[in-house]
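These notes open a run of structures that come right after.
Shared chain: subunit A. Partners: subunit B in the first complex, subunit C in the second.
Now for the complex of A and B:
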């Protein structure tokens, strides 16, 4: 079992994509999840529904719409062209954008659940002690919801690594730019190079197992933590 | 009113009972004659670039012969993988010659039942009409993305690369390549405007935009082969379809989609 140079390129690219996407998603999803966890607004249901959409939509549907939206006549394409970035399909940042949609619920939901689990008591208690909302967030919410953030990061990362349908649609199969591991495996299968496909698939299999193992270990540890401190 | 509603409900209920009973009887009849019915039926696996012609071929064949077909579409590579792992296909219409050849090496097909059913034509297509034809744009380097099917496994992609090689612009154009997993995806990349020009199959050519026909001497022929799997040697429907595929009726349909035939 040896990995070829293009296998290694694909692995590096995949890790780069997944870390970029996870980083951006954590930044974007934290305020969103906080709002969703605390709001009483009627907007909560529609926003939650929008966030959860990628869970049910087939990735090819998301990819197909992205290809059109990011094209020269699509809204995203017109925006990116007027900003001087050019067109996003077939580029690393196009994949990043697609993955942001695709992995969004996997990051929002664990954080939202963790914040909801804290309940209102610790936050109200902090308020009576004249804590500003920001310091309440930094000193109360963040530490208590830490397991949720960790789950979100692991899930967002892993889900992006496993992405296939969208990349197939908007990637264009460019080495070191959009040719991620799942595409490399697909190419090998289509080209009847089953040995190559086996090697990379085994790597993916072990990776997924390790990720899930760490996730469940994490959850087991955190359960007691939330209940003992939060409630 | 209530009485009327009740009789309506009852009528619906009776109809439902009749329907269910009919289904049960029908099912048991089918079951009893299962072996006979099976013989009148063939499962055809078809490369997805051939969906449109295959739909017409199947209709025409079923009307004329009385046999019925079940058709599965997928990429040739996937169908090949499924066949060597025991998929229940009787006839395989591949998009290339490579997969049928490998099936022959694995002795999964009968050598007497191996034909070229279509020869594809390559065109260079642009979704917009400009001053220059697509081939002139390609040669004068006036584009930022060129779409083609993946030459690693798609025959149209291999043909496209052969053309680029003959025109001596293979290396120069390579950084601008975007590869579709199939010729349909190469089409999609151009149709959505994300690539200015792309090599597609003439059979896919839409009415809008501009295209340049590619001289067939510039690339190896894009031959699409069909094979009869060994498991279908006693399947009359499969045999009949394989025969039909070589008939003039079938050839006429295939040619109407801009393929050549032998």
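Now for the complex of A and C:
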């Protein structure tokens, strides 16, 4: 059971995609999750629903709409062309964009839950100590919500590694550009190369198990950390 | 400290789930900006909300907050909480659980508007007796320790006004006795006005110099400590607290009888000798129900404290069995209150301006 060169290319590409997506999502989701955790606006319900959509939509649906949107006549396509980037479908950055939508809820929700668990009290206490909202966010909210951020990063990363439907719709099958591990396994099976499929599948199996194991260990620790706030 | 006031007018209405008013606060008061002002009231009366309004923690409130002629809020201006020069001590301390005691204190020092030098820092942590706790994690402290660290942290931002929301409520009786002296001590040592919210009359009579009593979002009494309970129209919940609070000084010790003689504003009383030194200042409380009225100086009873006084005011209420009589002690600026049955007032023909003898059955030593 050895990995072929194209297997290794697929693994490297997958890791690159997942890291890029996780990084961007953490940046985007932190303000979004903070807003969702604190707001009392009527917009909270519709925004939460939109964020959660990828949880229930078949990835092919998201992929289909993104394909159209990123196409020459779609809004994203027109934007990317006018910016001189060209068209995004069947490119690495097209995959990144698709994965951002696909993995969004897995990053927003743990952060939002962690910030909600902090409650308003430590934030008020910081305000009475002359801490500006930004300083309170950096020195109080971030450290107290750390377990939530770790869960979000692990989940976002793992979920991007595991995606298939969207990649198939908007990424296609270009080695070193869009051919991620899940596609490589599919290709191997299509080509009746069961040995190759076995090897990569075993890698994915062990990876998933390790991810979930680290996640649940993390959650066990975070419970004591989150609920001891202010005691 | 200047003798300008805290000028506070705040109105706030909270709605319940059906959009009906569930609580409303309507307060318009002037408070002294020195000493300890206690806000007394039952749970739900709005005393904590009032404190949060002063601190800038309540957003939907209208009115004004003016502290030492500095405007913190008026009709078109709202200074956010982090820019108000208040220290706030929460009921449950609210130390930051991810920081050590020292880091909690440093958080405040770093953000103080006035520079905190080493002398002040050391002064605060020694006054509160927490120097030995600095290295500890804030989650591994006892209730009393936690509250002392919280008080120190609030003092370290060098506030103009210290707000305390029932800082003793979550502590047992022994811890309360441990912390109360610190409060008096920090008020004197750092000369900082304190607004202190509590539901406990015991607590506030020991430390307050001025008292607000609140009921259902309104201030029903606003007076100095010596006057606040010596009226006939206290809110129903506090009617049993009707009493005179006097500050006195020990002038002599009668070792033979185990008694101390104290002088309070022109009259003297005997109290039980509890070991204080001559010259010490005490705060005494004489409940109206422990004072009876006689027409002449009675020699034939066991009461030791008898004072001549002129009746200033007799409460009139035909629906009560007992009434409150307020009488000015002869030769003194003080007046005491006595609770007397309406029948006795009638039988003795007690009238305002009459000279009588007040017989004091018991005197409580508050501090």
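Quick note on the criterion: the second predicted complex is superposed on the first by the 229 of 231 C-alpha atoms of A that agree within 3 Å, B and C clash if a C-alpha of one lies under 4 Å from a C-alpha of the other, contacts with A are read in each partner's own complex, and residues count from 1 in each chain.
As a convention for this text, a contact is a pair of C-beta atoms (placed from the backbone, for glycine too) under 8 Å apart; a residue touches a chain by one contact, two chains touch by 3 or more.
Bear in mind that the values here come from a model prediction, so they are computed numbers and not experimental data.
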Original post:
Between subunit B (first) and subunit C (second), which, if any, makes contact with A:168: first, second, both or neither?
Top reply: first
Original post:
First (subunit B), second (subunit C), both or neither: which does A:130 touch?
Top reply: second
Subject >> subunit B versus subunit C as contact partner of A:144, first or second or both or neither >> reply: second
Original post:
For A:82, is the partner it touches subunit B (first), subunit C (second), both, or none of the two (neither)?
Top reply: neither
Original post:
For A:40, is the partner it touches subunit B (first), subunit C (second), both, or none of the two (neither)?
Top reply: neither
**OP:** Considering only touches as defined above, state whether A:73 meets subunit B (first), subunit C (second), both or neither.
**Re:** first
Original post:
A:90 contacts which: subunit B (first), subunit C (second), both, neither?
Top reply: first
**OP:** For A:189, select first, second, both or neither according to whether it touches subunit B, subunit C, the two together, or no partner.
**Re:** first
Subject >> subunit B and subunit C contact sites that coincide on subunit A, given as residue numbers >> reply: none
**OP:** Give every residue of subunit A touching subunit C within the complex, in rising order.
**Re:** 121-122, 124-133, 135-136, 139-140, 143-144, 225, 228-231
**OP:** Within their complex, state which residues of subunit A touch subunit B.
**Re:** 67-68, 70-73, 77, 87, 89-90, 168-169, 172-174, 186-187, 189-192, 194
Subject >> For the subunit B and subunit A complex, residues of the former touching the latter >> reply: 75, 77-78, 80-81, 98-99, 102, 145, 147, 150, 152-154, 177-181, 185, 188-189, 192-195
Subject >> Touching residues (chain side subunit C, partner subunit A) in the complex >> reply: 55-57, 80-83, 86-88, 90, 92-98, 107-108, 111-113, 139, 153-154, 157
